[in-house]
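The same subunit A turns up in both complexes below, where it pairs with subunit B and then with subunit C.
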Partner chain A sequence: MKSVTKAYRPISWPTKGAGGDTGSWRVRRPVVNTQICNKCQICWVFCPEAVIDRNEITIDYRYCKGCGVCATECPTGAISMEKEE
Partner chain B sequence: MTTSIKQLPDIEQVLSGNGACGGCPATMALRIVGKALGPNAIMLLTPSCSVASMGMTPRLGYNWPCINICFATAGSSASGITHALEIMQEKGRLQGELPTVFTWVGDGGTYDIGFQALSAAAERNDNMIFFCYNNEAYSNTGVQRSGATPRGSYTTTTPSGKRQQKKNMALLMLEHNIPYVATATVAYPGDLYDKVAKAKSISGMKYIEILAPCYLGWQFDMPETVQMSRMAVRSGAWLLWEAENGKISFNKPSASIINGKKDAAPVDEYLMKQGRFNRLLKGPDAAQRIAEIQGDIDREIAFMRERAQITI
Partner chain C sequence: MKAAEVVMGTGARAAALAVKSARVDVVPGYPITPQTSIIEAVAAMVENGELHARFIPVEGEHSAMAAAVAASAAGARVFTATSANGLLYMHEVLHMASGGRLPVVMCNVNRGIFAPWTLWADHQDSMAQRDTGWIQYHCSSNQEVFNTILQAFRVAEQINIPVMVNFDGFAISHCLMPLTLPPQEDIDRFLPPHEPEWRLDPAHPSSFSNVTNAEEYAPFRQMLSDDIMAAIPLVKQAAQEYKDITGMWDGDTIDTYRLEDAEVVAFAVNSMAAELKLSIDILRQQGIKAGLLRPRLYLPFPAEDIINALPQNAQVMVLDRNYNFGHPGGILASELKSALFGRRNDITVKNRVMGIGGIDLPRRFMADEIRAMMDE
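Then we have the complex of A and B:
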């Protein structure tokens, strides 16, 4: 952490994983079928967790909560929700 | 033209791995808001889901200076900060563009508990954007009724369904004669983005309310957050509009409902998807109570259509 004058030191710092490794909350895992995906970025815009890369359409499973919004909104059906092991 | 998904900027102000529920409409909306505001902003929050979602100290899930303040004071606290910034700039202690001061407050903190401080800040036309993310209940404390809860909805404090109509908060803000008021919801991210970008460019008080369908409080399936938001708009239960200097205009697709080009979808389908209306739909007087809710929606559409004609 950066050092700051004591009087202005904030209580918290912006960082990923402020709620922990939220990927562990997941019961189902979104899996993108790259053969079908047309890179429309609809899944990216609606993902509340900001874990989808808008160019590659890859998912950061460390934090993806498995909410399934991406799969519901995907217009091509390229995302399937698969059972976590 | 509404900004398209591909035109939205890359910047992320909501950080992955925050404490919100999966599928949370509040974080979904805040992400888009962050794209429009950028990093040069100061965020004020009152007790709510979005505070609980910030994560655990010393970590913070939002990439802004965030100030947690007491429930009743979003309006007055934001006023204090915005005035202080202006004075610092006048005295030369702050250079460059002033940060955008914005609040991120639930419907409980807006419609009910924070209404007085918000109304006063609006009357003074203090420079801020006041965001209300409206999940139609006090969700963070286990879903109690608020002034935004619609008629018929179950909450823990309205076990047989709320008997009263919700209030039209955005219209109340418009009647404060502030320079900008808008409504939005998560299913229309381009529309939300454009409204926030516009609000950012206007000085004085701006009020933006975002309908945030919460699977926990509304009792639908978690992946359906965006679907529910879309159904709210298509049924006319939520109208998308904005008003610059008091002049109301409606946005797609609400505009087509208002000008009669398209009928609003019957409310039944929207209600049936939500467990919070279950008891009402199964009760012996179901038909009458659905008609009441449909009546509220029809009246609101008719009223807003007429209200928009007044441009003086």
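Then we have the complex of A and C:
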């Protein structure tokens, strides 16, 4: 709720990073193999955190929680979940 | 200019006519005695096209208040009504309306709460909602119910805090009295359309009442506490401007009767306070300098106005139609003592609980009670 602007009302607007650096929660990171990816955008549709760029199919690791939904939904198997170092 | 119209109406009818005059947008409703006749009347007005509003029949009072909260957050002017256990069932969502700063107006037709069951008036239901963050009025006549609902919408929408308009079941809700209806143009002048500065709107997505951290949560609660107190001048202003436009006056935060030179002051709310004016006359005939102080506004408690109005060295007889369980006597006495403590050490406060579960409170009985309290 960092985005409260109306003084007395408990209102918030959708804001990137409102919940903090959620990428720190991640134990496995999704990695896109650009040789296989056909940019069908299905990962972008399914990502619950909206951290995938629709056109470039790149992932914002500052906020990606590593849930793996993108890797599961990817029809070409272009996304693999790799262990965080 | 059109003249005011005078009709015969019950308190429930007065409430429904006020809702119509306020041009309410949404009315979620669930029946409960003795409130049902308000919701029935409003539903009929919507049905026959007299009132252009959405009536939402719901499955219980918790849902009625939830629908009221949602409609208010979407920017509608919202009314609902309940009584007794219906009000208790709403309790959780009452906090959402106040914490969410939504200007819902609700009539609570006062009725005792279980157990055992009762259908008749006392003030346990609304006074048990004391700490929900709602503004609360108590009305003593049908006309005051009509006038207060319009004032309540104005105050609620100015400060974004919900308002409960209380009046006794049957004694007011089901009794016929003459009712003066000001011309609609005058009411429209007093109560302009509701134009909130924020509303839930799919075109501008926002999240309402999100989870907050302590440092975010605490200021909201502090602001609610401060703003409820800030409603007092708005209540006075609304009463004054309503009087300027319609000529009608029920008092602002308080209403008094023969108080100026009183040595004995009756202190009570709601319908019993109307009857108490006649008890005061009886006591005056007996040579007792009696007067009445009726808080019309129960919350925020108008402490300053009460402190300023009470004559020097007065004995205040608080007649409570409720119990303050865990303390002797009633809730109003406790509120009054807390307001006077350290401020008016000349005042003596005495207290009796009466009229519980609709026990009749005739003028002679209350005059006799006050006489007996003088000797205590």
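We adopt the following convention: the second predicted complex is superposed on the first by the 71 of 85 C-alpha atoms of A that agree within 3 Å, B and C clash if a C-alpha of one lies under 4 Å from a C-alpha of the other, contacts with A are read in each partner's own complex, and residues count from 1 in each chain.
As a working rule, a contact is a pair of C-beta atoms (placed from the backbone, for glycine too) under 8 Å apart; a residue touches a chain by one contact, two chains touch by 3 or more.
All values derive from a computational prediction rather than experimental measurement.
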Could you say whether A:Arg54 touches subunit B, subunit C, both of them, or neither, answering first, second, both or neither?
first
A:Arg9 in the overlay: touching subunit B, subunit C, both, or neither? Say first, second, both or neither.
second
In the overlay, answer first, second, both or neither for which of subunit B and subunit C A:Gly66 touches.
first
Using the superposition on chain A described above, determine whether A:Gln35 touches subunit B (first), subunit C (second), both, or neither.
neither
Of subunit C and subunit B, partner touching more subunit A residues:
B
Subunit C-contacting residues of subunit A that also contact subunit B
10-14
Residues of subunit C touching subunit A in their complex?
99-101, 160, 197-198, 205-213, 216, 220, 223-224, 227
Subunit C partner contacts - residues on subunit A that touch it in the complex:
1, 4, 6-14
Residues of subunit A defined as touching subunit B within the complex
10-22, 25, 40-42, 44-51, 54, 60, 62-63, 65-69, 71-73, 81
Could you please specify the touching residues of subunit B with respect to subunit A in the complex?
5-6, 8, 10, 12, 14-25, 27-28, 31-32, 53-66, 186, 189, 222-227
